[in-house]
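Questions regarding the structure given below will be posed in turn.
Labels run A, B, C and D following the written order; every chain starts at residue 1.
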Amino acid sequence: MFLVTEIIALSLFAMSFDLIYGFTGMLSLGHATFFGTGSYIFTLSILHWQSNLWVSLLLAIIGSAIIAWVIGFFAVRARGTNFIVITIIFSLVIFYLSFYYKSITGGDDGLPLKVPDLGLGFLSISIHDNPMANYYLVLAIVSLCYLFYWRLIASPMGRLFLAIKSNEERTQYIGFNTLKYRLISFVISGAFSGLSGALYSMTTHYTNNKLLHWTTSVDVVVWTIVGGAGTLIGPIMGAWIFTFFREFISFHFKQYPIVIGMVLIFFIIFVPQGILGYLLGLIRRERK
Amino acid sequence: MDSILNLQEIHTFYGKSHILHGITLAVHENEIVCLLGRNGVGKTTTLKSIMGLTPANRGNIFFQGRDITRIQDYLIPRLGIGYVPQGRHIFPDLTVRENLKIGIVGNKVQVKTYEEIFSYFPILRERLNQLGGTLSGGEQQMLALARALVPNPTLILLDEPTEGLMPRMAKLVVEIIQKINRTGVSILWVEQKLVTVTEVSHRIHLISKGRVEYQGTPGELIQNREIQLRYIGVKV
Amino acid sequence: MEKKKKRISRRRFLKAMGTGAALLSAEPFVRPLGGFWAQERSPIIIGHQCDYTGFLAGWGYWMDMAAKYAIKLINDAGGIAGRKVEYVMEDTASDPATGTRKLRSLIQRLNADFVIGCIHAGPATGSLPVAKELKTVYFMQSSSDEVITKFGSRYTFMGGGVELSKINYGVPWAVKNLGKKFTFCAYDMAWGYTHVNGSTPIIEKMGGKVLDKIFIPLGTKDFYPYLGKIPPETEVLYGVFSGPPALGFLTQTYEIGLHKKMKRYVDVGVMEGFNTEKIGGVAEDCWYMTFFPRRLKFKDTEHVRNLRKALNVDEEGVEIGGPQVLCGSRYWAAYENVFWIKRAIEKSGWKSKKDNAAFIEALEGMCVKEGLEFIQGDKCMRAKDHFILHDLWMGHIENNKMEEKTKFSFKEEPFPPAVDYTKEKV
Amino acid sequence: MGIEVHLFMNMMNGLVWGLIIALIALGLVLIFGLIKILNISHGEFYMLGAIFGWYLIQYTQNFWLALVLSPLLVAAIGLFIEWGILRPTEDKPIKTLIVTLGISLILQYTVYWFYGGSPQRIVEPFQYHLTLFGSGYSGYRIFVAILSMAVIALLGLFLQKTRIGLWIRAVKQDQEMAIAVGIPTKKVIMITFALGSFLAALGGILAAPIFSVDFLMGLEILPTAFMVVIIGGPGNLMGALGASILIAELEGISSVFVSPTISRVLSLVLMSIVLLKRPEGIFSRARR
């Protein structure tokens, strides 16, 4: 159950990453920064201010949006590999800082937390000891985010993102400030990654600066590309399949990372369009 | 006349899009053959298919009687085909000397000496130690020609060699090409503008949508205004 | 055109809703899956949350084998209270988030009745509250004492060696015998702080002085910038590291000749997991405190021999035909934890998790004698803070060999408990 | 120890460390220059260099033999990996990222399988302590610095003076044209990959006596190496060399005055500013 809830939270992370990669065409290898920031803000606001669950979630979104704005302000000016590296550099900076200010972050040891009850005005539901309530809450929030993304992508702005991805120069000529829209995309993605980090911590009752580490960023890239970039469902599928696969294989084979490595290579070489792309291709062929 | 290069029903795909729909053409010895057409009809792709850069999916290419359609790409230039691509593509961070040296592959090839090269392109002598990227456009074009010439090819493929050059420079380049041709090198020349090649080429092929639609001598083509309008859209 | 667009987007909307519905309905499918694993509860299931891969893999390897061997012994002798014991292991990948998730997996999916924890303090920190939440007895292996006093509960026991014992026995000895001016050089993590914060008052009370406390972040390879900060008048350099950086620390202090100017007194984590004979003498003349000698000759009993045979190590603690080196100071704990569980079940008549209260009460304050089940020595499980009180050894590297010099037998109250869990309700 | 001695030590050290990083980064730059891939598995070649070195020393007791043989072995593995696994995906840079991640996992855990998780140490071939300003300094580190410099100089000569070197440079600049003048591009890429692996492995075995040998050592070195590549300018060899030493020196010198963690953060921030001002890298000549 917890695994399922965790994966739903991670799905949001994957979707958010795909907004900037699959839709706006920017590969960020520092997305864990926002995920971790959201998780930390959520945890710390609960630990230190005993804040309300909603407030904490909101703070996580706002906080990671601000961080995303600051990083994005610099990052979107860079293109291609430089963009990748700037995002890595910033994520390393935040990661090192999380070590340095260990008294706040708990550093490598992390921080456990007790999730406050969910207040709905008239009734209050315990989330901490009630995995089902937690599950439905996370699911509801992530579904709302999904709908939001879905609307966003269909909106003129979403089309603009796609236009930037396919040809930024041309979009500029038509008269759009592409930097601005790249930044918007980056901030939205960062904010929701933060939310997913908060939901993740809400589920695991724990946070740790490993969530900020660049290897966490690589995970989300893997889910997105294996699942199928440029779609909303693809990254979600990637997150599900990979997390389940890892759980399954780690239980049966001790040196399981070898298998994971092989599967990754297999997918890229033989299913380059991602799982979703492959399935859609199959359906299309059926129809023909 | 023996044909040195023979393309038979070449079909080439670029990703999923079908670019060449069965190109058939021949270049004979000592001939300058011209491939004329508008933008994006497959002229460059034809050259690239010969060079093996975008291999033909169907059809056959014969060079000096040998089928080269499916041999490894990097072996094709070694058979004696020089390639001067559109936009020149000299190596910007190599010196002129290195740019000339690069085409020499293997030890058996008979190589043109620097003296011979400089007899065509005297300007390069002064630039030998300069980086390719620092040359002017005309000089780069000369270098690209020279680079193709060094391994002593029997056929040179030219892709719009006068594009973007000042008229005087363009004229010079055309003259050099003719000079090279007179030493027994056949030339397949891709061009957009009819005027550039009417004087020099022996035969002209017009291509459109990946097919050769017309072929004849420059004289015949100049007479035929209808064809001109349809395939190259020039107003002469 | 307009119409067509609309229809497509409606279809997409339906698709979106469909996905949402699918996610919602996923839940009932997952639950029976859990039930599938539940089966009949006849065996007692002991879970092991083990650092099998990742940077602590060199430790997890032995912990896994030692626990397995203990369970094999129990099952060969008929199990616990007539019930077979089953062993399930999950890998933390030495990663806190994964580790915490794996504890849930052990308890909820694999139905572990008791869990032997991991060495990494990160997953342990996350796991302690989870153990309480899921009402499962958890034996923490990590020796970050701070963590268990801060985040632990009545369900959590200090399963392995206790760092505070090491400090309370070892540091006074060091002040007496090695020097009075100390400089700390420690990992910037809970374990490092346990040492620094625990030792400082002892040193100062005995008239010693702490000159500097240098904390080094995880992942540091080059120690030179840090080593340069060590005050030259230091008499004892107190190092707290483990794994690859520990080796780097020893090498680099040796390289710049600190070993000649001061005594290096290190936590045994520094010595764990690698072969002191094959490192070119960089560890020479180090003093260290250990929970258990790696070399057989310092604790040569029949039972230790048997266990080591099962682990396939030679008398020096090196894997036979393999590269691994026994983490002497720790492996025994995974073995003994299994027997703590056995003793407490037998004493309390535990049948299922409903009897956890009785189990915990039985374990609290339990004292055991050395033997087949407790190979490391006599020990007690202190009731209040759930710490194990046990023997310790002071070792010295001489001619590249670990020589245990002094044995400290455990005393009743080496240090006062920081918490009292007995008042907590189960 | 006075502050000037400390400063001097850190500068010395920055040089040694910078040169080791340079060996690794140069390999990465070579590969990146040719096939534009972010090779995550590059750190693993560094690791393999040290691991093979350790095994060879176990069996032959000869450091010098291992120093030569181990990089050669790793180069052979690199050759195989490029030929067998990377080639089908080389034209899709982001996908190769995942493929190399897969390779990385496979190599790490295959090594773990045989070598185990415990760190080992390679004993330095000679023990000689210099006394500089009343403080000890390892002669081996000086040797490493000199050898690295020699290797880097040799690499430069190789690229400038040999035919393969010329080919490598040509392929880097214009792959298609290189084919069209008869350069066996695929073989050149293979050789370059092997050369890059060789350099990383050499860095690994040289660094092993200073640090330690373990199966995850590649993971730690990778971000630094990447940073060097980008800051020096992708594909710019001299830039990478300069950037390696610059980064190492920056960290070394600033750590005299502030906490090493903060100094690392500072250098990262500085680097990202540089990156924004000069997207082609600090050391690139502005062309055209």
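To be clear about the criterion, contacts are C-beta pairs under 8 Å (C-beta built on N, C-alpha and C of every residue); 3 or more make two chains touch, one makes a residue touch a chain.
Quantities reported herein were computed from a predicted structural model and do not represent experimental measurements.
Relative to chain C, the chain whose mean Cα position lies farthest away is B. Computed from the mean C-alpha positions, the centre of chain B lies at a distance of 72 Å from the centre of chain C. For the pair chain A and chain C, the distance between C-alpha centroids works out to 32 Å. Averaged C-alpha coordinates put the centre of chain B at 42 Å from the centre of chain D.
In chain C, 53, 217 are the positions where the chain touches two or more neighbouring chains simultaneously.
Within chain D, the positions touching two or more other chains are listed as 109, 112, 261.
For chain A, residues touching at least two other chains, in rising order: 96, 99-100, 255-257. Contact topology of the protein chains: irregular, matching none of line, ring, star or complete.
Those chain pairs judged to touch are A-C, A-D, B-D, C-D. Within the complex, the chain C residues that touch chain D are 53-61, 216-217, 219-222, 224-226, 228-229, 232, 243-248, 251-252, 255-258, 273-275, 278-280, 282, 319, 322-325. Within the complex, the chain A residues that touch chain C are 1-4, 6, 8, 96, 99-100, 102, 106-112, 114, 128-129, 132, 135, 139, 142-143, 146-147, 150, 154, 204-206, 208, 210-211, 233, 236, 247, 250-251, 254-257. By the touch rule above, chain C contacts chain A in their complex via residues 9, 12-13, 16, 19-20, 23-24, 26-27, 30-31, 34, 52-53, 90-91, 93, 95-97, 100-101, 104-105, 108, 121-122, 125-126, 128-130, 133, 144, 147, 151, 188-190, 217-218.
Touching chain B in their complex are the following residues of chain D: 166-167, 169-170, 173-174, 176-186, 287-288.
Listing the residues of chain B that touch chain D in their complex gives 51-53, 72-78, 83, 85, 89-94, 98, 101-103, 105, 133, 147-148, 151.
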